[in-house]
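In order of appearance the chains are A, B, C and D, and numbering begins at 1 in each one.
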Amino acid sequence: MIEMQNVCKTYKKEVRALFNIDIKIEKGEFVFLVGPSGAGKTTFSKLVLKEENPDSGKIYFGGEDVTRLPRRKIPYLRRDIGVVFQDFRLLPNKNVYENIAFAMNIVEASAKEIRRRVPMVLAMVGLSSRAGNLPHELSGGEKQRVSIARAIVNNPSLLIADEPTGNLDPETAWEIMKVLRQVNRRGTTVLMSTHAKDIVDIMQKRVIALENGKIARDEIKGAYGYED
Amino acid sequence: MKIKSLRYIVNQGFTSVWKNRTMSLASVASVTATLVVLGLIIILVLNINNMAKLAQVQFETIQVFLKDELPLEDISDIGKQIDDIDGVKSTMYESKEKALQNLINRWGEQGHLLEYLEENPLPNSYIIYLDSIEGAHGVVYELEKIAGIDDIKYYKEIVDVLIRIASFIRNIGLALILALIVITIFIIVNTIKITLNARRQEITIMKHVGATDWFIRCPLIIEGIVLGLIGALLSVAIVHYGYYHFYNMMLTRFTVMFSIYMISVEEMLSRILIMFTIIGAGVGALGSILAIRRYLRV
Amino acid sequence: MKIKSLRYIVNQGFTSVWKNRTMSLASVASVTATLVVLGLIIILVLNINNMAKLAQVQFETIQVFLKDELPLEDISDIGKQIDDIDGVKSTMYESKEKALQNLINRWGEQGHLLEYLEENPLPNSYIIYLDSIEGAHGVVYELEKIAGIDDIKYYKEIVDVLIRIASFIRNIGLALILALIVITIFIIVNTIKITLNARRQEITIMKHVGATDWFIRCPLIIEGIVLGLIGALLSVAIVHYGYYHFYNMMLTRFTVMFSIYMISVEEMLSRILIMFTIIGAGVGALGSILAIRRYLRV
Amino acid sequence: MIEMQNVCKTYKKEVRALFNIDIKIEKGEFVFLVGPSGAGKTTFSKLVLKEENPDSGKIYFGGEDVTRLPRRKIPYLRRDIGVVFQDFRLLPNKNVYENIAFAMNIVEASAKEIRRRVPMVLAMVGLSSRAGNLPHELSGGEKQRVSIARAIVNNPSLLIADEPTGNLDPETAWEIMKVLRQVNRRGTTVLMSTHAKDIVDIMQKRVIALENGKIARDEIKGAYGYED
């Protein structure tokens, strides 16, 4: 599904965000990306989404070379990937329902399909009662859940979730983890950046640990692995 | 792009005018204000131009004086020759008796002086009406070849000056209007650019969740066109009613005569309506395209 | 507010023009464009006005015809009485012989006709030069009281029409300029409002971390003034050089004579410089104040 | 320090965010505000900061009635309270250093004081190397730490921290907790909303639990207290 070969990424010629990354994630995997603040987790996602380009190295998504993807094909790459952004990125002028429906409009889903799917994912993240609110009228955790709902609504083949439980209480966080596991069982590859030690430890999935832009650890059924 | 997407896109274009209504209002206000200025200038220039053209008509005549004692058939022969010249619209014969009478009338108060004359010293003449004042020199050149003509009189200097002034006004006016159209477009494009720049975050987010450039661009272009059109129609209404009242005021102030020098309210309306609609819509679209161009590169 | 805060605030005002340079550029461009239009109109109106005023001078005369066979002392007495009337600048005596000679000269080609006259039917007259055309009616009223005057001739209709046209042009021109100033202010305020609206997030955040209204407002007002001033100076430069070239073109095209009818380049510069600077700065400040007003309510 | 009497807050006439809140927090306390997503924690802070007004009830801060505070005095209230906003609220056009210096400019600190304090707090949150970056050039956790640095730079008498560790790895989170404890020891009252169970459980401080806008629990030396 995703393969990186020798990828380096430096911001402004001095901040070394990722260095010599070699990794392969298979279709259907559930992977935790862990590591301290500033380790390069978000940068990793940005490279896959072609929001940033690597300084060197190759990145493949579904067999295609992302680094060589022509500009006009980028939207189609992104549609195939659901993303929970760390800063949510909700459209400020659209309400919760419209924000999610919008992601379906992009892929030209039918109005009927939209009317069916949107309430469904809203219910999955427990926000049915907030459908009509604008983003600035939501609590932090609610915004985060809207972002999750939008990411999964199109049944993407890859789900990148950047800190999807950072603003959630443990109970709600586990609800969300159930949703992600369910999405994963239906065949979607899940790549989740997180700092939530308990979740990583309990889930027993593959863990890739980044540190200073390098892969420090890559374990099947791993644990969060940092001391408190 | 499928039909349902099209509907969604058009829909988005309209609703976002409403959702961002503070900004929309400001854009529309700017568009309107700018076009009203353009309208004022157009009214001014077109009317001055029109007046110059009409005033000019009064000088579009040449008078040729015939040799004394010419037989009547020669006179009518000369008349036919003149009629055949290119650029001559019509001719009118003026006998020496008629000419004296005209002179007496024209002098008005002092006309009675001429009644003391011993004999009529005036010649017979033809008054020639021209197609246009610009052709005067050519016609004179042809007239000089005709036998039996004693003298040719036309308002050479006045004609020259008038031609120059008229074409000058036309050129200045046209240049002014063109410059204003460019400035107008510039202001409107700028306003819509700023309006949309304020939404770069929105545009960037759309890009990030996989919207194609056209999917983002189309609603914004429609939005720009809607804003431009609303502004254009408002300004047409303002300029139209303004001109309507100005026109009527002129009539009551300067007698009805004056109105023939002015472009009619209907003609003015039809001119600005088309022009402003095109500018408004075109410029709205252009503004949107320019504004979002660089935010699409993400 | 302490001095160091003041320095910080002024500093902020300037640096933020640079930090938001895309928006700043767009605002300045709009301000410049709008003021250039205003400049064009001012040039047009002031010059037309000036020309009308100068043309008018040529009609500021009244002619009074004296009764026949008046003794010379009476004639000079009448002259003195006329000189005493308010609104009379000077008088010139024209004897009947001089008048005939003038008439012959004036008729040019047809002047020889008058040489056939048996006797001189023209009266002696005074030509009166007025201070201003508006005073004509008053002077005539006084003249009518003087004995020995047979007839008073002045260009009543022309004077009336001219007065009306001149005051009309003045009024229309003034109205146009005033309307344009209002529209200009409107566009500029709007542009700066939109520019700053795009930064409501910034303003709100400042409020949230405890900045006072003035601490937020001052740098933005300074920013608005800076934007307005840059726009104003640019437009003054454009209008000035434009007028400079236009003026010179007029000189070469229509002989030097024409230039006395036009407002000099220096005078025009001094007029727009002051006006535009005030409009630019004032409107920049106003735009800022209006723009941020409602974002301060948090 | 803070006292609420019978405070109710309803958004848009239907979303009941806080209901009949009676609470008293003494000067120098360290209080955790916990509760599920949407329970009303952020609304609680907004009321103290007078970003929102309660529908009914009284709120006192330092003996003064916040609900009756005239508009022009609000800035002075806010200067006395350091806030770590859940959504960071950094000025997008200013770099990290300027964002923090700005908070000191507001209180008219001297240039010398600013040059001394800003690098100090940046070091406390571990961001000395990022002083020149703009907010959009920072990782999620880095933004959060800038927000914390800004909140403490003026030595406020109250520190409200809304989810200050949501984007931080456990290690960095503990660094931040040390900073907060230090600030608290110097006399600053700390009110921290959080979902971080481990932190609450280990710190052994007063815990106020909100649920559906009501106070469900208020314990001295409490624990997070929800089952996973």
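By our rule, a contact is a pair of C-beta atoms (placed from the backbone, for glycine too) under 8 Å apart; a residue touches a chain by one contact, two chains touch by 3 or more.
From a predicted model like this one, the values you see are computed outputs, not experimental measurements.
Any chain that touches subunit C and also touches subunit D would be listed here, but there is none. Of all chains in the assembly, those touching subunit B and also subunit D are A, C.
Taking the mean of the C-alpha atoms as each chain's centre, subunit A and subunit B sit 62 Å apart. Computed from the mean C-alpha positions, the centre of subunit A lies at a distance of 28 Å from the centre of subunit D. Between the Cα centres of subunit B and subunit C there is a gap of 25 Å.
Each chain gets a centre from the mean of its Cα atoms; for subunit A and subunit C, those two points are 67 Å apart.
Shown for subunit A are the residues that touch two or more other chains, of which there are none.
Residues of subunit C in contact with at least two other chains: none.
Chain-to-chain contact here is organised cyclically: the chains close a single ring, every chain touching exactly two others. The list of touching chain pairs reads A-B, A-D, B-C, C-D. Against subunit A, the residues of subunit B that register as touching in their complex are 1-2, 4-5, 8, 16, 19-20, 201-202, 205-213, 215, 298.
Within the complex, the subunit C residues that touch subunit B are 22-23, 26-27, 29-30, 33-34, 36-37, 40-41, 44, 103, 110, 112-114, 116-118, 121, 164, 168, 176, 179-180, 183, 186-187, 190-191, 193-195, 197-198, 253-254.
Looking at the complex, you find that subunit D touches subunit C at residues 49, 51, 72, 75-79, 81, 83, 85, 89-93, 102-103, 105-108, 110-111, 150. Subunit D makes touch with subunit A in their complex at residues 11-12, 15, 34-38, 41-42, 86-87, 137, 139-142, 144-145, 162-163, 166-174, 195, 197-198, 224, 226-228.
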